[in-house]
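Chain nomenclature is as follows: A, B, C and D, assigned in order of appearance, with residue numbering initiated at 1 for each chain independently.
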Amino acid sequence: MYYVDLLISGVAFGCLYAMATMGLTLVYGLLRILHIAHAALFTLGAFVGVWVFNASGSLIVGLIVAILAAVVMGCLIYRLIYESILSQPPYVPLLASLGVLIFLQDGFRIVFGEEGLTVRHNPFYMANFTIGAFSINVIYIVMAGGALISMAVLAFFANYSRHGIAWRATVSRPLLAANFGVNVIQVRYAAFAAGSALAAIAGVLVALMNNLVEPHSGELISYKGLAIIVLGGLGNMQGAFIASLVLGIAESFGIGLAGRYVDRDAIAAVALIATLMIFPNGIGRART
Amino acid sequence: MLELQDFSCGYGGTAAVESLNCTFAAGALTALLGPNGAGKTSTLMAVMGHVAPMGGRILFEGRDITNRPPVDRSKIGIAVVPEGRQLFGDLTVEENLIVGGYSLPVAAARAEQEQVYSLFPRLAERRAQISGSLSGGEQQMLAIGRALMAKPKLLLIDELSLGLMPKMVDVCIEALTRVRQNGLTIVLVEQNTSRALSIADHVYVLASGRCVMHGSSAEVKDNTEIFEAYVGIH
Amino acid sequence: MMRRIVFLTAMLSACAVTSAPADIIIGMHAPLTGFAAVDGKSARIATEIAIGKINAAGGLLGQKVQLQVFDDQGQGAQAVTIANKIVSDNAAILVIADSYSEPTRAAASIFQAAKMPYISAVASHPDITKVGNYVFRGSQLGEVQGGSTAVHIAKALKKSKVSIVTVDNDYGSSLLNGFKAAMGAQGVTLVGEYSFTMAERQFGSVVAGLRRDNADVIYIGGYWFQGGPLVSQIRAAGITTPIISSGLAAQQFIKIAGPAAEGVMIVDATGDDNANPEYPAFRAALRAQEAEANVFFSEIAHTAVDIAANAIRRAGSTDREKIRDALASTKDLRTMYGTLASYTSGREIIQRMPLSIVKDGKFAASGEMEIWLPAP
Amino acid sequence: MTGYHLSLISLTGIMIVFAVSLNMIMGLCGQVSLGHAAFYGVGAYVTAMMSAGGVPTLYALPVGMLIAGLMGLIVGFASLRVRDDFLAITTLAVGFLFVGVVRKSRALGGEFGISGIPESGLGPAGDAFLVAFCVVLTVALSVYLSRNWTGLAFRSISANEEAAQTLGINSAHYKLLAFCIGCALAGLAGGLYANYARFIVPGTFGFSLSITAAAMVVIGGIGSTAGVVAGAVLLTLFPEIFRFLGDYRMLVYGALLVGVMLFQPKGLAGIPSMVRRWAGPR
């Protein structure tokens, strides 16, 4: 039973990581930028979602406004920051991205307050789903379900729609895709929009679980997100999803069984270093 | 159809092509020949909009397209079969074709796709296969098919025969001969000069970024001395 | 380069200190920004309220009291710079640390070396007072809290199987050490032991372990920003085991944990019905400045000023040595927190330990706990 | 000069050594490192443990340097395998691993850290002098390396690795050397910090310190020793200089980082030439 509990919590968090970091994967695939400011969009989504939910009483409205806010902010970050420094060496966008993260986190602190926001009428609060001796937090089910549904929608779009196929072609060869009439700039905005929307949903879900959003809530995914895109094979969506699940489960068991000797962040670090030493260009097909 | 007027282009301020004047007649197959580094690929890439122009103009059907972004060039009817095929390796055969026809309306693209499959039945057999796993010849077929998907008026082909078995080259050339019957204009960059001379209507010979000689295939073949000095017959 | 830095910093320090020479200056550092900014705010405003009251009543030794506040960001490196600055300015006659153990430990030796009386209001690490005879405590040691909790679980709650979850820093470790040192003699056994980092909010693995342990009581030691999510996640998993905790006496904890907080016992917290007659006015003042997020921090910050003011009055002088001696001889002092009986020779407080329990969204006083003291 | 000034000077000097050491890796060799604080931490822990064990500070410091340099060598080998942003992520993971290991290690004091590190016995002015000496040494080495053949090799690697190899420059050799020297100097800075703070905890050596160091290098001007020194001074005194900003310091810090990356990627070092350009030839 204990191991089942650990597995459930690991899977729930793996799914959440996948949803929260998909934007990093999409952006890295298209632009080769380590978009660490993505973590701030997670927090932005959580803050806006909770704030609107508290004010309006409707979780759906809160979620929609949160998604809109994160999408607008994500696209703005691309337009105002990354677009002009794409041709610079990789550390330039990386540090600019970090600057954006610091700036936004402190902005959240100033706007929403140090102590963050709590959810006033949390529908998932203390809700659990019981079958016999077995019970699961409803929020875990929502987290895993939400992630699976949104990833499925994204995967369906990427594999079965013309625009999705064009998007994947752009990831593969951006210059050439442009020659076939794919508007690469639009594809980039679409990637930022989709990734930011997923981050916002993930942010709201974590806020519902903790009943709390803090200015630095996004730190949960900032560094781990980078680990996931490397483990998952750089810009590869399925790979990132699997990597997220593996990391979530590894953390759950690592903390559960050896929490006194193992640090949560160190688990991702060891996995990352080992992976890169074995596959210096990341897991996945070598690009030609 | 396509005209380069006193055209120069290059990378990071260094000219790869200088003062080039070429005319590519509608419906003709024109070959660009020359040794490595002569500027053939740069010329093609400049026509696609990937090499910065440094002077002169590119006219397509009389319109100046020198500074148009790559995205527009496919819409006005230019398509490319790039050197080394450059397929979207993670995508399936069919998906590569879908991207090729991205600028067409959905129904037209679907019709075009059937055309390509009838041109290359091998591709139809392998439509669900990941394109990165195809053989070299199949990849070249797919690259040509992908370019044809956009119903181009002008097709640019870079190194058709490179790394292919002669049998596969024949299949590709046969396909090109077939599509030419619909009035397609083709610009072919080739290392295999004898093959190129056998199918081309007109030939430009480049060396060090300049045009050193041009004329009909027959004229160029007759001027073997000058031609061999620059290119050498393989 | 060097000269430029010196010039720059000289200019800055000239701007920073602009106090009338007649005032009594009390220094203070707290985490005003950074991860513990909420606590820092609660402490700073409480200190200002306490000093405002003193000044309204005529000040100390006939002089106005002035507070100099520095932001240590909860970091040791910052505290070193601040301590050096306060010592160099040589204006403060006493310094209060309303901060976590890391910055307090880093600064303590500097104040000791300068013979400047230093009260660690909040930090509970045992080493702080061992630095020297100028360093005093303002609240109960982590070890004492942990040990007394073990005693309380055995004697008052009459339970024996305990799961313990502590924050992975020196506060959590001291609680754990105290608990373990005391539990043997009480017949209390640990059935599960977990720790979490400062940044942790996701407790899936811990909750899974707690469910397996099936203990009689769960003891949590940490801060409100972890305790809130942890208690919610425990209750959300359907675990109904009683919870006793250290460090969660912040309004914000109840706000986050909501109904899950109900029934949680809080060690060493006076509750919202504090018996001090000045307490309601104090709370109203805090509320007016939106500083009620961590009332526990506010209470002990106020208490540190109570202790300092009392010592300065009794010393009858701003001489630091005399103030030190007066601090050491503090006796039966009524503070915002309770009654400080006296100091031990190791400058630790001897004070009764209240227990409160969360009831209807408030901290309700729930009697006192028997005090356990570590073997010297 | 008061203790406060000495303390600020010491801290600034320590950060200069630290930032210049990172610049050896990032600037001279083009290898982005986001886990440099780990080596600073290694130096700090080794020095602290040895001092606490009774070894005089002046002997403990070089040992800390040596061990940090050896650790740097190991990570340097990793840098031969992975490149660019992968290396950045690898070093980032090294940083997290270091903090994770120290945090859980009883022998290193765990979360409690190491306190009561004895004084060096040089007094506050002596300590500040020691730091100043190390700053001079580090800056001199950095200038020497960047002006000499080794520096040339470093820079050619950072400009174009393949080209450097065809010129007969063994890039592996120089990358390892860069990592080794850079990390050893970071260890020196860490040792000085342990002696300065006399109390260390694992959290100090985390991601934010690595980022601060990277920001110092980049804001100062990657590759320029003078620029990096200026960047280190600016960011170390940032809380002091920008005290008037009060609550908005981090906001300004983030905006500054973005602004520099967008408008002046050459950092402070690029300003003189920019001014010259504005002034224009007469």
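Everything that follows uses one rule, which is that a contact is a pair of C-beta atoms (placed from the backbone, for glycine too) under 8 Å apart; a residue touches a chain by one contact, two chains touch by 3 or more.
Because the structure is a prediction, the values reported are computed rather than measured.
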| item | value |
| --- | --- |
| Chain whose mean Cα position lies farthest from chain B | C |
| Contact-richer chain pair [A-C vs A-B] | A-C |
| Chain nearest the global centroid, as defined over all protein CA atoms shown | A |
| Centre-of-Cα separation between chain D and chain B, whole angstrom | 52 |
| Between chain C and chain A, distance of the C-alpha-averaged centres to the nearest whole Å | 37 |
| Centroid distance [mean C-alpha coordinates] between chain B and chain A, Å | 42 |
| Inter-chain centre distance, chain A versus chain D - centres from mean C-alpha coordinates, in Å | 31 |
| Interface hub residues of chain A, defined as touching at least two other chains | 109, 260, 263-265 |
| Multi-chain contact residues (two or more partners), chain C | 197 |
| For chain B, residues contacting two or more additional chains | none |
| Which chain pairs touch, all of them | A-B, A-C, A-D, C-D |
| Complex interface listing, chain A residues touching chain C | 1-2, 5-6, 8-10, 12-13, 109, 114-115, 118, 122, 124-128, 130, 135-140, 206, 209-212, 214, 216-217, 219-220, 251-253, 255-256, 259-260, 263-265 |
| Interfacial residue positions of chain A with respect to chain D in the complex | 32, 34, 81, 84-85, 88-96, 98-107, 109-110, 223, 226-227, 230, 260-266, 268-270, 272-273, 276-277, 280-282 |
| Chain B residues within the chain A interface of the complex | 48-50, 69-71, 73-75, 79-80, 82, 86, 88-91, 95-96, 98-103, 106, 132, 146, 149-150 |
| Chain D residues within the chain C interface of the complex | 1-9, 11-12, 103, 110-113, 115-116, 132, 193, 196-201, 203-204, 229, 233, 237, 239-241, 243, 247, 249-250 |
| Partner chain A, residues of chain D touching it in the complex | 26, 30, 32, 78, 81-86, 88-90, 92-94, 96-97, 99-101, 103-104, 207, 211, 214-215, 218, 222, 247-248, 250-251, 253-259, 261-262, 265 |
